[in-house]
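Two complexes come next, and they have one chain in common, subunit A, joined by subunit B in the first and subunit C in the second.
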Partner chain A sequence: MTVQQLTEKLNLKVYGGKKGLGNEISGGYVSDLLSDVMGNADTGEVWITLQTHKNVMAIASLKDLAAIILVNNHQPEEDTLNQANEEGIPLLGTHMGTFEITGKLYELIK
Partner chain B sequence: MQQYRADLHIHTLLSPCGDLEMSPANIVEVAAQKKIEILGIADHNSTKHALLIQKLAAEKGIFALCGAEVTTREEVHCLTFFENIDALNQFQQYLNEHITKVKNNPKYFGHQVVVDEQEMIVEEIEYLLISALDQSIEQVEKKVHELDGLFIPAHIDRPKYSLTSQLGFVPPDIKADALEISRHTTKEEVLKKFPYLQSFTFTTSSDAHFPDDIGKKVCIFEMEALNFQEIKMALRGEKGRKVSF
Partner chain C sequence: MHFEYQIEGGNFTRAGFASSEIKKKLKQLNVDLGIVKRTVVATYEAEVNVVAHAYSGTIYVDFDEEKVVIRLVDEGPGIPDIEQAMKEGFSTASSTVREMGFGAGMGLPNMKKNADDLQVSSEVGKGTTVQITMHYQNPNNK
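And then the complex of A and B:
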């Protein structure tokens, strides 16, 4: 499944990084500790988090993640959004909490 | 140039995790015994013991930096210090406005009390002081610098509540007056891992929660006199002032 298809199925907001909407999704990773994501997330995964700091984009780029989903209507900070556009990594958002969005993502890609 | 021994990260009994023996009077007493000349008073998200300690410390020739250890929205701990009462009060107001207010349960977290010089309780803080603010690390940094304060991300090497644990790495453009490393590492080790931090000043401290911890780790400030502006210059490495450990 591509990120584009995912945004349609889960009705996700696309804040930025539209260039990467064609990225293929290989799985998901859920964590709010960026050190943990840096150590344990894998290429092509969708990362679900409430962190909005610009380091999120640096780590997504480093780990070659497919996309990021911000939960609970968290808005990205301006420099985070700029970096998403620069890197071309989709920065997505939902009103859902982590539990709910993770369950839905799991159902779609398991 | 004079050399001054500094322990810049001390919790009082106001912090829920601070030992009951960490009263303002006792902290100053122990600091004097251990020949500490600069104390950094940094309770979790509160400045309410700082001024009393500054007063008691001054009587013993110790200079106390008044501030707090702030928990940012990302749950990064940052030391903040201010030069005067006005700035300190404005910052306390900012903390009051932005901390997530959750009722403290002393059974789990400990009591959060403000005491006077005679160690009589004058106030108990009802909401949990270790909660996070709703402000990002950049917003906190900006507020501190608007008030001409010092902004020092705490124990950046630690696996909990640090820049590296919460945000993966130190943002290279962070406007920090210094970066604090814990007693568990050295400056060399940190620079090996993050060579781009070469231009930052580093501090280290005891992060004392118990009297015995005070002064367990100190840094040396080399400067002309003992005051806030000189400390600021030393952190910036200006005019021959410096910090080492």
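And then the complex of A and C:
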């Protein structure tokens, strides 16, 4: 499944990084601890988090993640959004909490 | 090839810049992707540790025929007990740093897991030096 298809199925907001909407999704990772994501997430995964600062984009780019989903209507900071656009990594959002969005994502790509 | 990057303590906005440059260089050298990934994890954690725990630092990167050596030299408080710092979960990160999602005490263990060779030395009150060595060959050596 591509990120584009995921945003349609789960009705996600696309804050930025539209260039990467064609990215293929290989799995998901859920964590708000950045070193945990650095150590354990893998290429092509969708990262679900409530962290909105710019370092999430640095990690997504270094790890070649497919996209980031911000939960609970968290808004990205401006420099986070700018970097998402520069790197072309989709920065997505949902009103759902972590539990609900993770369950739905899992159902779609398991 | 030799490169140097400056790191400013407390400035998280540029954290990851050097790691990203090193990643690009390794890809240009056609290094196995698994090795590139391990290099990125180890280097990023080392870079962030200077930002989170030290005052300033320099990264010296040397690519030769078969390996890259990444040396991070910082001026900072130093690490009183390196063995304890290497333990997963140990962290002295400030509450501000923790709110950002750093401070899980996983950085040094991540470096250890991913680097071909990791050397940490430190002098309390002066600073810390971290050296990461990655070989371009042998993706199965980890």
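FYI, the second predicted complex is superposed on the first by the 110 of 110 C-alpha atoms of A that agree within 3 Å, B and C clash if a C-alpha of one lies under 4 Å from a C-alpha of the other, contacts with A are read in each partner's own complex, and residues count from 1 in each chain.
Simple rule for what comes next: a residue touches a chain if its C-beta (ideal position, glycine included) is under 8 Å from a C-beta of that chain, and two chains touch if they have at least 3 such contacts.
Owing to the predicted nature of the structure, the values given are computational and were not obtained by experimental measurement.
Contacts of A:Thr43 after superposition on the shared chain: subunit C is touched, whereas subunit B is not. Contacts of A:Glu77 after superposition: subunit B is touched, whereas subunit C is not reached. Look at A:His53: by the touch rule set out above, it reaches both subunit B and subunit C. Shared-chain residue A:Glu100: touches no atom of subunit B or subunit C. When the two complexes are overlaid on their common chain A, residue A:Leu33 makes contact with subunit B and with subunit C alike. Touched residues of subunit A were counted for both subunit B and subunit C, and C has more of them.
Applying the stated contact rule after C-alpha superposition, one finds that A:Lys63 touches subunit C and leaves subunit B untouched. Residue overlap on subunit A between the subunit B contacts of one complex and the subunit C contacts of the other covers 33-35, 38, 51, 53-55, 58-59. Listing the residues of subunit B that touch subunit A in their complex gives 74, 136-138, 159, 164-169, 171.
Across the interface of their complex, subunit A is touched by residues 12-13, 15-16, 19-20, 23, 37, 40-41, 44-45, 48, 100-102, 104-107, 109-110, 113-114 of subunit C. Only residues 32-36, 38-39, 43, 49, 51, 53-55, 58-59, 61-63, 79 of subunit A touch subunit C when the two sit together in their complex. Those residues of subunit A lying in contact with subunit B across their complex are 33-35, 37-38, 51-55, 58-59, 77.
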